[in-house]
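Next, two complexes with chain A in common: one pairs it with chain B, the other with chain C.
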Partner chain A sequence: MTAIDDIACRLSSLLVTYIKENVADKIATEIGPDTDLTSDLELESIQIMEYVVEIEDDYDISIDLESLSNAKTILDLAGIVARQLN
Partner chain B sequence: MHPTKHNRTLPLENTEFTNLSEALEYAAKGDSGYNFYDGRGRLEFVLPYSELLVEAKILARKLVALGCARGSVVGIVAETHPLFHRFFFACQYAGLIPVALPAGVQLGAHNIYIEQIARMLEGCNAKIAVAPDTHTTFLSEASAKLDLVMSGSSSDFDALPYDENIELHPFTADEPAYLQFTSGSTQFPRGVEITQTTVMSNLTEIAIHGLKLGRSDRFVSWLPFYHDMGLVGFVLVPLNSQLSADYMSPRTFAMRPRLWLKVISDNRGTVSSSPTFGYALCAKRLRPSDTERYDLSSWRAACVGAERVNHETMEKFADALSATGFNRNAFVACYGMAECVLAISFAPLNAGLSVDYVDKHALGTSGKAIPATADAAPYVDCGSILPSFEYAIRDDAGNDLGERQCGRICLKGPSVMSGYYQNQAATDEVLSADGWLDTGDIGYLIGSHIVITARRKDVIIINGRNIWPQDLEMLAENTSGVRLGGVSAFGVTDDAQLEHAVLVVETRDKDQASRFDLIERLAHALQLNFGLKVHIELTLPGTLRRTSSGKLSRSQTRDGFLKRSSVAKLVIQQASEGQFAERAHA
Partner chain C sequence: MNESKSLFDKFAASAAVQKQLEASGLDPTHVVIEEILSATEGKIQGKTTILAGTNNYLGLTFNEQCIEAGRESLRTQGTGTTGSRMANGSFDGHVALERELAEFYGTKHCMIFSTGYTANLGILSALLEPGDAVLLDADAHASLYDGCRMSGADVYRFKHNDVEALEKRLRRLGARAHRCLIITEGMYSILGDCAPLAEMVELKEKYGAYLFVDEAHSLGVFGQTGRGVAEELGLDEKIDFIVGTFSKSLGATGGYCVSNHDELNLVRYASRPYIFTASPSPSVIATTRAALKQLKSHPELREQLWANANQLYTGLKALNLHLGPDISPVVAVRMQDNESALAGWKNLIEQGVYTNMIVPPASPDGSSFLRCSVSAAHTKEQIDKIIKAFSQISG
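On to the complex of A and B.
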């Protein structure tokens, strides 16, 4: 596993927890690196922001707007996190 | 670094200024000003009025040297950053008209945001555009195809040559103060044009009659500067009364809403506003341990407006914060719109929310607001209309209606806009030759108090954002499988008084898989463009209602939708749970 895969795995489990705690008990779609946050889960923009906060807090990083505007999937987010960590 | 203090030295003055630069000159004699908190609640920038004055004048000379005609428009990407204030006030001195551009970008929405900014710059014929470093990539892409004199970052403008001999001629009374996009349509952006006299009139009324401001007041806000409540309420009102303001960005608030309370608590804030949804979000994220840490006893005016006020949500917020010393009597329901600068009415201070319970049936059938106890709809009293306004509630034929009778709210007075910028047709639709503004909002009067029952005809208001149905419809029409004119968007309100967007789409397609596919694609496009979850209904052609002239009638389609979904509540619930009706049947 590469570092990005590890991060994507971690982000997926953060997302599962987030959805269970804040949106629904059951999750309709399987969540993985290719999950598209903007379409697969029907999350509202404010919920996506909340999830991004969880990522920022978990890794103690700050994700910039430009990067977010180009990210759609968990793998995209993992790429951003990896860049921030290096 | 320390935030600017409460004003302790300068006598409060807020009735004498004839334009914004005069107000700044006076405020600059004191030691109050603006403070900016970062995403983690740390003080990042401090901008006293005294510094703002110096910086605005330097920047103004650089802008004048660019040679744009007086009255040219400057687009400012309105991130919560001192750059906004510098450019906004530099424009006042340079005789250029500032317009705030949205700064919020959705996940994965890079291109959509760029198109939005480009359309707005083009729509107001801007000559200059600026963005903070976080947004310069977006701005340079947006302005690439436009014919701007200059577009760049703050440092690009700082690097311009400076000639101290350039004489500045600030905007005076009858000249423009700013343009404000009606927080709305991305397809058809309309800029409200506000003159110096108009803005000063509303600022004074807010200070004297609305908030009754004193020197011990301090403003705290997370509202975006590209909305009237953020720009007027929390940039211009404090300036006009020499008071300090503390900011965090809307993004910070969405991510960490508790920081809002922390700043109010730390800085002894007294005035802070939000649409209902902000109070709800904050209450939802509050941990029991937080309330011990905050002291919110200083918060005397917790204004709520911009969307229909949900009193139950507000009471829950107050309950959750009871241990912080927050007083629910601090709630102030307000009514306003960018077309009237900001404020039209304020509920009485220190009185909390007053709810008028009226007979649902009578309201729906005859428009009469008859007080009732059973089967009653709760409407929050938005208080007295500010004294400078003449007001009337009118029926569709233009006749004045009596007390407790719903109709269109019409206003006239010194705070009413001069019109939509370079858009006579749109102006004529709402502003009569004798100066009456038809707000399009529906409400009724109890004495001099106004109660709003429905905002702007057709506009869908979600989380305080105005969503124009035309935008949702146009996006849908551009989706393959949707016919031009075969779609109608509108808002429906559930029992909790939350508004939801609904899109009815006509299609002959009977194939279940391709119907799902269409819903998926529409939902995705709406999510990406507007960050919205929209309830999508596919119907047969001929379902959408039309007026006698053949125009689509959203209100009739809405009525039809509510009848079809016999238990409308259930459908709405499904929409809010993210399970579209059609999918649930599968």
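On to the complex of A and C.
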């Protein structure tokens, strides 16, 4: 498993927790690296923002808006986190 | 890769929304005020309507001195400048207004722009560059987002008014905090809540960052002399850049930035939204200068504004409506969803009250609102009518 795979696994787990705690009408199943936050889960922009804050706090990093604008899947986000950690 | 087949595919979602709004009868995004009767009344669909969503906080749009100043300027200076200040030169009024605003704020420098939007675009796009960092309140106005994006700086959003979230991001920047601009608003436009400026000033000093405050909705509303929230909290001198607009309390069009940093004058050479825009028309400058005089010499307008704000807020609160956290001239009623917001908005229009319908993505937390803005020119009876109209709708 690569570092990005590890991060994607962690981000999936964070997303499952976030959805359980904050998104009452969605079931957090089958979330994986290729899950698209908007088209698969239909998360609203404010929910994505809150989830990104969870990621930032978990890794103690800040993610800039330009990077986020190109991220659709958990794997995309994992790539951003990996770059920050390196 | 985007799979659109046509240049216009991107408008499909907007077209669906437009169709839905048109089908509902009156589209809140295309209201025509057929006749402006006063600062607080107009005719909509032939009916006299109380205007409760205009941001005309001091009610100066029909002030005799302002109108006369504009009329005289049209007569003596013509209708427009027909070009930018860099290319065509400045009119005397541009320079005078900059001097008067700098004196009003007690700052060394002021720059004016043709709109409030271009003020934010013009300052941020020139002040920041790639490699700089921005910490931007999540609920900040679109012009602040756009200005930051135009600059190429790294933009990090923090949760609205959350000082702890702001500090985390400052700490993470490390040495880059010295190249960081914190951006907030004095009073926020949808809920009427204010930024925790004292804590933000503490943080910007602790980390060596800079603080930029947009007082668009707080000029003429807060502070002993009406300069805004920073003045209200005694923090004017601690703010690096204050921006504002002429299009709310001053009843005109335009924007400005004041600062004690000498570099503000150098922004003129780097700011594309300043260099490549026609400068404000002389009559606009004349009415703005006259309105600024009114703002300074008539503090009772501010007192009346707050009395009206209190009346509306407490009246709506008594109806058990879900309002913003603070009493302010911006009073937003939270609605259950978009559909109830649209139905409520139409009901208010039918009762002769115009408000602003605010729905996602323009709303701050994904909710839907019916937003009122109070004016000093509203009468007690008009405020009573607004409250009564709201009593006929359900949140």
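Simple rule for what comes next: the second predicted complex is superposed on the first by the 82 of 86 C-alpha atoms of A that agree within 3 Å, B and C clash if a C-alpha of one lies under 4 Å from a C-alpha of the other, contacts with A are read in each partner's own complex, and residues count from 1 in each chain.
Assume a contact is a pair of C-beta atoms (placed from the backbone, for glycine too) under 8 Å apart; a residue touches a chain by one contact, two chains touch by 3 or more.
Remember, predicted model here, so these are calculated numbers, not experimental data.
When the two structures are aligned on the shared chain, A:Ile55 is found in touch with neither chain B nor chain C.
Of the two partner chains placed by superposition, A:Val81 touches none, neither chain B nor chain C.
When the shared chain is aligned, chain B and chain C each come close enough to touch A:Glu44.
Counting the residues of chain A touched by each of chain B and chain C gives the higher count for B.
By the document's definition of touching, of the two partners only chain B reaches A:Ala71; chain C does not. By the touch criterion defined above, A:Ile31 reaches neither chain B nor chain C.
In the superposition on the C-alpha atoms of chain A, the part of chain A touched by chain B in one complex and by chain C in the other spans residues 44-46, 49, 53, 56, 62, 64-66. The touching residues of chain B, counted against chain A in their complex, run 39, 105-110, 113, 134-135, 137-138, 251, 254-256, 281, 463, 520, 523-524, 527-528, 531-533, 577-578. Residues of chain A touching chain C in their complex: 44-47, 49, 53, 56-57, 60-66. Considering their complex, residues 23-24, 37-39, 41-42, 44-46, 48-50, 52-53, 56, 62, 64-66, 68-72, 76 of chain A touch chain B.
Within the complex, the chain C residues that touch chain A are 138, 149, 154-157, 159, 165, 168-169, 172-173, 360-361, 365-366.
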